[in-house]
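In what follows, chain A forms one complex with chain B and a second complex with chain C.
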Partner chain A sequence: MSNKNNLKGWLYLLPALVFIGIFMVYPLIDVFVYSFEEGYNFASQTYNGVGLFNYSYVLHDPYFIQALKNTFILVIITVPLSTGIALLISLALNSLNRFKDLFQTIFFLPYVTNTLAVGLVFMILFKKSAYSDGLINLLLNSVGISSIDFIEGPYWAKMFVLCFYTIWVVLPFKILILTSALASVNKDFYKVAKVDGTSRIRTFFRITLPMISPSLFYLIITGFIGAFKAYSDVVALFGTDLNSAGMNTIVGYVYDMLYGNSGGYPSFASAAALILFAIVLTITVINLIVSRRKVYYQ
Partner chain B sequence: MKIILDHLTKKFVSIHNKKEIVTAVNDFNFEIPDGVLIGLLGPSGCGKSTTLNLICGLENPTEGRIFFGENDITDLPPESRGVGMVFQNYALYPHMSVKANIMFPLENLKGDKKLSKAEIEERALKAAKVVEIDELMERKPSELSGGQQQRVAIARALVKTPNVLLLDEPLSNLDARLRLQTREQIRRIQKETKITTVFVTHDQEEAMSISDLIVVMNKGVLQQMGKPQEVYNNPKNLFVAKFLGTPAINVFDGKIKDGYLYIGENKIRKAQADDQDVYVAIRPEGFIVSEKGVLECEFDRVETTGRDTSIISHNPNCISDDDIRTIVDADEKIIVNDNKIRFDLKDHKTYIFSKTDEKVMNV
Partner chain C sequence: MDELKKIAKENRAKNTIWTIVIFALLIFWSFIVLFPFYWMVLTSLKSYSAYNAEYIPQFITLSPTLENYIQAFTAVPLARYFVNTIIFTLVTTILMMIIVVLSAFAFSRLEFKGKNLVFTAFLSLMMIPNELVIITNFVTISNLGLRNTYLGLILPSVTSVFYIYLLKENFEQIPDELYKAAKVDGTSDFKYLYKVMIPISKPTIVTIFILKVIECWNAYVWPRLITDDENYFLVSNGIQTIRESGFGRENIPAMMAAVVVISLPLIIIFLIFHKKIMEGVSRGGTKG
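Showing the complex of A and B:
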């Protein structure tokens, strides 16, 4: 009976397993293999030898170093900031009595908009051309600051727009998760704390924060992974030629190596992808270790 | 410390209909003497929890004042009132150890009340000893049984040495056996600490068994206050009579005619009052089986549960329930003639209530 059930179970899983096998497991193995094949040629499907040259090349490529640097800056700035801002907004929303639903809807709107469309809007907002300034520059001018070209100007300005945009895009989801986490904290805890004369700050740090720590931790991990995989946002803001804009990311570098102007180098792309994988894995493991001490699971 | 509720009223805007005003507590006016254990008793939604919240300061009254001793504390925030509160689900902080939970209120103290770490630990241990959980200090709440969690919650409320201890449905999350045990514990802790304790419950048996005084409430209105047995024996109105006692009191449609009380055609006893329709309520233990008894009922069956023997019978005039439940002595002979059973009624277990205002008639 149990054997028969087992068979049935596998049969039900089969379609999913086939798709996962073809579109996930096989490519994963393939990427791993590519990354060690030196001088691989797409057309002839031949290679010279097996070794670590691809990794060495990628790690010495100034474009990759730039992409690595951009990605790290993006991650380090946007993950803590977006999570912190989302937490503040959620706390404010949670304490609202009136218009709560209205504000929740407003804060959730960016989530249902298209990345490229929003990127375009941001580009127009921040743009400066020979003929006209974007809205942001007009605002800057009004307080006496001269126009800055955020899209094609200095590196810090471009990085600012990218971080600003990334935070804005990821906020709604984080707010959604955090408001529901806050709402699910038993109100009796706050009543007890109040009767015991607990200050609001202490209530937040000793009660609220531990109670929502699983959600917070989930957001931080997915936030890290999401930010490391940044690509489409960057394209939306700065176009496809990211290397010359100096705004490439690791995923962007991988894409360029495959299909970009300098494309046709699946081995280099694979090596870069595996480096990204190693970085994300490391960060996630660190996160998990920290969380085991700090996160409270019910 | 004695508590005085002076014409206390609390009105809410209904959450279902914003235009509707609900009076949860209606003109409460009573005094809780120092050092007693008092039970606020009533069906759910009768305003008992609101009363508790008013006393502890989580709610502000619409009208009226609250005094602790001679001090008017109506406008004080909860933390300045010196109250300890235990919630129905205990609300223990799940991520903290038992010890951290008990220490938490003391760590909040500021200014000249601030305690050293050693003092805090000492007082936490003392409170834990009172409720007999001092061996569980390092555990997390999830590793404790319901009764133990309950006691941790009480220790946390006691650790500040409050003037008043408030318990909201303290036993309703426990199973039957633990409930009996814990209620004795609460009784013992209260006697030891002599802290004026107010507890809320919908379980009349619980309230009657451990309270020095009970307050019966219904729909925000105080029905009767007194010693449990006094209230049970002398209910002021039909609601109190029906609410107290298990099995519940049997209520009949009756009438007073020519100086006698009747249930249907059965002449029960003399009653000096004008002719009128009345409710007659008889406690289950107020029946005596008798061949020439005054009340005739249709016999159904005998039920024996433990030491109690109950006779189930029917009477068309009984309005409280389809079954009339009477508890009789196990040795008593049960005489059934032609499927009819007759009872004599104990006078002090039989109450007459007016049909107009449901108040007791002493006739």
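Showing the complex of A and C:
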């Protein structure tokens, strides 16, 4: 009986085990192997040595340095800004009696849209072409700023569009999580604060913020992870040739090494992917250590 | 008494200002969220010549035309991309559902040696980013000769450790007594799963299904790696191709028509299921 049960349990798990084994566990080991195989040839699948050359190549590649720089700027700007805006909007939403559902539904809409498709709309809004300076430039002109090409122009203009679009894309998730966190704060605390005549600002810092701090830190951690893996929204705005646009990200660099005109180097791709993983892991651990100290868990 | 009235009045005035500020903020952000959608529909209805004649973009169009939609389906194989995406989405989602249900059942109801160990291993796999495994998967699928096939697109996406975990938690909330009673009656495990557990957990299963459909519909990276034959492109790759070479590059109204067509299915699903989707995502979905 017990043997039969054992077999049955494994049988139910079998499909999952097969797929996870082939497409998750094996690749996970393999990526380390690749990253140490020097001079790997994709066509013959041979290599001529083992060592750290791939890492050193990647770390000295100007394209990688550019990608690293872009990714870090994107992370440093969008994570605090998007979390802050999401908090502001969620607080506003939470204070509503009517229309709350309507606004919530509208704000969530970008979550279900195709990043590539809507990115194209953003590109058109910001792009300066031969026919037209585009809508955004028109707005800028009306306040006395001359037109800028946000898509093929100066670096900071491009970075601005990228950050703006990234925030637009990530905000729905953050607003959703924060509004449900705010809604679950015990109303009695607010009543007591009101009776005591506590100011709104003090109530926010002394009651609201500590009560929602677990969700806030969850968002900051997932926000960091997500922003470090930015790729498809960058492609949506600047096209697939990100290196020549100077807007590549670390993930973009990994894929470029793997595939396309510059591709065919899974070893370099693996080394870059592992460097990314190390960065994300370090930041997550730092976040967790900080949150241990600051977050109020009930 | 007058004093009190004065304070009440001041408070009311303060509250009114506060409400106005809040509504202004919310309406402003709604505008930023909705405007790109408006602009995409608007542009798709302008004719090519009208659009290019507008140095200052117009906020309304007086002569809407559907010619861009016709062009979107004739000048580029948009219908092909669409069919591919539907096949990919449905097959992947259904296969994943079967695998997830079977595993969740094993973890929540069956007793076997090594169960806890495997479950812990599964959980730790949730932390592995896709970027790490995609490199070898690309090589594996290439070596199997499965590039530019549906199978190559589908196979790596049919498991999700996270959804197994989500459904297992849900299955465990079903009282054990039901299972024991069914065992006494001689009901087989599979029949019990099919007749009792799945119907009871239907809300969660539907939520997982919808979330996976959204994920599949928007898939970009894996399909881009594994297909370079246009006949196997999904909509995301299709839109990228359209951007880089379709419609002679400058036909923005036609491009926008394609964008509308691609976005529409998910927006319809969202309008129907928005409560379920938002509830499912707030229970622990992440984007990407």
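Heads up, the rule we're going with is that the second predicted complex is superposed on the first by the 284 of 298 C-alpha atoms of A that agree within 3 Å, B and C clash if a C-alpha of one lies under 4 Å from a C-alpha of the other, contacts with A are read in each partner's own complex, and residues count from 1 in each chain.
Assume a contact is a pair of C-beta atoms (placed from the backbone, for glycine too) under 8 Å apart; a residue touches a chain by one contact, two chains touch by 3 or more.
Everything quoted here is computed from the prediction, not taken from an experiment.
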A:197 touches, of chain B and chain C: first, second, both or neither? first
Contacts of A:288 with chain B and chain C, given as first, second, both or neither: neither
Partner chain(s) touched by A:210 [first = chain B, second = chain C, both, neither]: first
Chain C versus chain B, contacts on chain A by residue: C
Touched partner set for A:183, first chain B, second chain C, both or neither: neither
Chain B versus chain C as contact partner of A:269, first or second or both or neither: second
Common interface residues of chain A - those touching chain B in one complex and chain C in the other: none
Chain C partner contacts - residues on chain A that touch it in the complex: 5-10, 12-13, 15-17, 19-20, 22-28, 30-31, 34, 42, 88-89, 92-93, 95-96, 99, 103-118, 120-125, 129, 131-135, 138, 168-170, 173, 176-177, 180, 222, 225-226, 229, 231-232, 235, 239-240, 251, 254-255, 258-259, 266, 269-270, 273-274, 276-277, 280
Footprint of chain A on chain C - complex, ascending: 22, 25-26, 29-30, 32-34, 36-37, 39-40, 43, 52, 54-57, 98-100, 102-103, 105-107, 110-113, 115, 118, 122, 125, 128-129, 131-140, 155-156, 158-159, 161, 164, 189, 214, 217-218, 220-221, 224-225, 235-236, 239-240, 243-244, 250, 252, 255-256, 259, 262-263, 266-267, 269-270, 274, 277-278, 281-282, 285-288
Partner chain A, residues of chain B touching it in the complex: 56-58, 78-80, 83-85, 87-89, 91, 93-95, 104-105, 108-109, 142, 156, 160
Chain A to chain B touching residues, read off their complex: 186, 188-189, 191-192, 194-199, 202, 206-207, 210-211, 296, 298
